[in-house]
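The chains carry the letters A, B, C and D, assigned in the order they are written, with residues numbered from 1 in each.
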Amino acid sequence: MVPLWMYLVVSAALFSIGTFTVLSRRNGVAVLMGVELMLNAVNINIVAFWRYTAPTEVNGLAFAAFIFVIAAAEAAVGLAIIITVYRNRHSVIPEEADLLRG
Amino acid sequence: MADVSFSIALAFVIFSVISLGGALGVALNRNLFRGTIWLMVSLFGAAGLYVLLSAPFLAAVQILVYIGAIAILFTFAVMLTRSLTQVRERFTRVWANLVVAVLLFVLLIIGIIWPVWGSNPDLAQPVSDVVVSTTDLGVALVDRNGFVLPFEVASLLLTAAMIGAIVIAREADDEV
Amino acid sequence: MDVLNQWAFVGVFLLLAPIFPALPIGAATLLRPKKPNVLKSQTYECGVETVGDTWVQFRVQYYIYGLVFLVFDVEMVLLFPWAVAYNQLDMFAFGAGFLFIFLLADALIYAWKKDVLVWK
Amino acid sequence: MECVGLCEFVTSLGVSDMGLALFLGYLIGVLLVSGVPLVTVIFLIWIERKIAARIQDRIGPNRVGPFGLLQTVADLLKLLAKEDITPAAADRLLYNAAPIVSFASVVLIWAVIPIAPGFVGVDLDIGALYFVAVASLGTLAIMTAGWASNNKYALLGAFRVVALLVSYEIPLVFALVIPVMLAGSMSMVDIINAQSHMWFIFMAPVAMLMFAISSQAETGRAPFDLIEAESELIAGFNIEYSGMKFGMFFAAEFLHVFTNGILIAVLFMGGYLGLFYQFPLLGFLWLGLKGGLVYFVFLWVRNTVPRMRIDQVMRFNWFFLVPVSILNVILTALVLKLLQVWGIAPVNLAESSLLGVLPMTVILLLKDILMILFILGRISQEGRRARLDAERAHEQLLTAAAGD
């Protein structure tokens, strides 16, 4: 079998790429894609730990399943907000949505 | 047994490359629709990793939820928010962010992963080949002492997300 | 091991499946005539020359269909394990599943009331 | 990992390397399993055209070969020799990938379909979820085709199709929950075994109807054929496709319809079960008969029903199919659990007997019939109200006209 740390390295790399996407892209949709990548990296981590340390317990699987729910909710609401901001301000760049700034 | 470990390692490498390559595609591609496709490639690779980790249920769910639904949602959003003049998107502070990301990666590796788990010989192999089944997951999800509360809260979260997103998006529709 | 054995089959299938449609397309590439010209490779919009950008604006309606679908799709993540284990569970499990579906049905009813699911 | 079945066969041919033998074994297995759909699709096109012709009082293809059987071969040759135009504005990579993914997604479904006893590609624990997941790849392929063509009509067509497909996937998946719940497993073989005493069509006819209707919509057949609403969308998402690539979309659709027929046969009609099904050839025949029957009904509907407007299609889904399928899941779960608690229904259907499953079948069937009656009552009520409203409005119009 592949040792656990290899999965962790892949997951860390995925997380870093996700971070880079979130930080460097100016388009809100692309930023959300980065967030999806990061959530996915987290999920790989959880499943890997579950498989290697407690495969007979159901916790890891359940946790990963709930993360799917959260990722979906995040994408749904996040994209809806971006669409609204775009319709109102004709911009998809998160920093330009500053109506609430004092 | 040697053959088996070799094919598993090979599959691991292939799926890791697919996953990371797709992620790089997302990060570097300037065309958002292609970015969505790259995201799906990446998540497909992750689904392969789930299979290798003996969680085929999660792999199928990954394909179903991400490629079946979230991809569609992203493409819709890309079409709905396309900038009228520029198709290609810009980046900000690429080099600084690249340094941050690489630093994060290196820190994660040498700071946490290698010292804690890499040097631990116990974790080179899974502790057991027995893996819980989808049935066990189903039992635990509605068990009084298990996950029944998160189970219902998840439903509530989805309901809230759906209503919230409809409210937000509907207002946008009224504007036009 | 047994599980991975099965999925190795799926993996091989996954490798081969794109080849079946790619083969005839590839064969066609070799056999077919190839005489492109400017007129042929224009975008086909009823003979009239294309006006403006292809990426026309779309209504939010589409997004809402996708959104409702996503929510129900994710619900399946938790509902399928429930259905698989259903025969081993007691009445309490039915109550839990019922509440789960009922809460989501609420969202559907909300969408009905707001008329967002009607194609306009 | 032990070397059994096809792998053993490969070893007997003289391949000594274990890993290679395993791989070759899988390779032969995949070719065998995927051979079934690939061979059938060639005949399907002929069958479909023949049936459509007969329904429309024509003869159909009858020139090439006996009964026109070689018509598909002639079509194939024509497609091979046809010029294939890629529009200059297209995204070439995605444009070429879309038809391949579209066809592959349908072929991949066959990995989990038990074709005959002991002859199944792979009996995954999550078979039912696998085929839904794989089929959803096709939706993305259509979206990609529409976008990559870089054509307004293609993109608009793709958007409408995808909105339709995702909408109808909800009742499809909800209907799928019922057989999974009854069998207590997502594995296709387990689902078939659970029907060894009574087919699920008798326990859950509503679920089967839901599944069939949404399958018809998923494949874009009339009355849901907005995918190819030629008169409105000039062919929709595949407008820019020509030659073999168009042929692939076409073949994928034909194969998908037949695959759905087979899936219904497996999920609701006992798959390969039947008289003397233990002989693989007979089991295969039974599955083919049942699947063919469902396939014929699909074609029959396609050729007799007119196309619905897109707002009607959406309305039908969101205000009828989705609520009914949700209600169906809840009611079936309730009745099933009550029956199990009272000891009327066996927990394990496969190990029960005909007498053991008969009472629960009767009650579940009764529940479904009551549900259908209730729904029909609601529909007629709504219809009456709508008619009365229209009449009243008409009368008001008349009195207003008389008052002037």
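Note that in this section contacts are C-beta pairs under 8 Å (C-beta built on N, C-alpha and C of every residue); 3 or more make two chains touch, one makes a residue touch a chain.
Note that the coordinates shown come from a computational prediction; the quantities given were computed from them, not determined experimentally.
Colleague: Going chain by chain, each one touching the next, work out the least steps from chain A to chain C.
Modeller: Minimum number of steps from chain A to chain C: 1.
Colleague: Using only alpha carbons, which chain's centroid is the nearest to the whole structure's centroid?
Modeller: C
Colleague: State the pair with the higher C-beta contact count; candidates are B-C and C-D.
Modeller: Top pair by contacting C-beta pairs is C-D.
Colleague: Need the CA-centroid distance for the pair chain B / chain C, whole Å please.
Modeller: 17
Colleague: Between chain A and chain D, tell me the centre distance in angstrom, where each centre is the average of that chain's C-alpha atoms.
Modeller: 33
Colleague: As a quick test, compute the distance in whole Å between the mean CA positions of chain C and chain D.
Modeller: Result: the chain centres lie 14 Å from each other.
Colleague: How many angstrom lie between the centres of chain A and chain B, each centre taken as the mean Cα position?
Modeller: Inter-chain centre distance comes to 7 Å.
Colleague: Two-or-more-chain contact residues of chain A, please, as numbers and ranges.
Modeller: 65, 68-69, 72-73, 75-76, 79-80, 83, 87
Colleague: Where does chain D touch two or more other chains at once, residue-wise?
Modeller: Those would be 1, 22, 124-125, 129-130, 155, 159, 162, 166, 169, 184-186.
Colleague: Could you list the positions in chain C whose residues touch two or more of the other chains?
Modeller: Chain C, residues with two or more chain partners: 1, 3, 7-8, 55, 58, 60-63, 66-71, 73-74, 76-78, 80-81, 83-86, 88-89, 93, 97, 101, 111.
Colleague: If I apply the definition of touch given earlier, which pairs of chains qualify?
Modeller: Every touching chain pair, ordered by label, is A-B, A-C, B-C, B-D, C-D.
Colleague: Over in the complex, which chain B residues touch chain C? Could you list them?
Modeller: My answer: residues 4, 7-8, 11, 48, 51-52, 54, 56-57, 61, 64-65, 68-70, 72-73, 76-77, 79-80, 82, 84, 87, 129, 131, 134-139, 141-142, 144, 148, 151-152, 154-156, 158-159, 161-163, 165-166, 169-170, 172-173, 176.
Colleague: Going by the contact rule at the top, pick out the chain A residues touching chain B in the complex.
Modeller: Listed in rising order, the residues of chain A that touch chain B are 1-10, 12-21, 23-30, 32-34, 36-37, 40, 43-44, 47-48, 50-58, 61-62, 64-66, 68-73, 75-77, 79-84, 86-88, 90, 92.
Colleague: Write out the stretch or stretches of chain A touching chain C in their complex.
Modeller: Against chain C, chain A makes touches at 65, 68-69, 72-73, 75-76, 79-80, 83, 87.
Colleague: Give the list of chain C residues in touch with chain D in this complex.
Modeller: Answer in residue numbers: 1, 3, 5-10, 12-14, 16-18, 20-22, 24-25, 27-29, 31-36, 38, 40-46, 50, 54-56, 58, 61-62, 65-66, 68-69, 72-73, 76, 79-80, 83-91, 93-94, 97-98, 101-102, 105, 108, 111-112, 117-120.
Colleague: Looking at the complex, which residues from chain D come into contact with chain B?
Modeller: 1, 18-19, 22, 91, 94, 124-126, 129-130, 132-134, 136-137, 139-140, 143-144, 147, 155, 159, 162, 166, 169, 184-186
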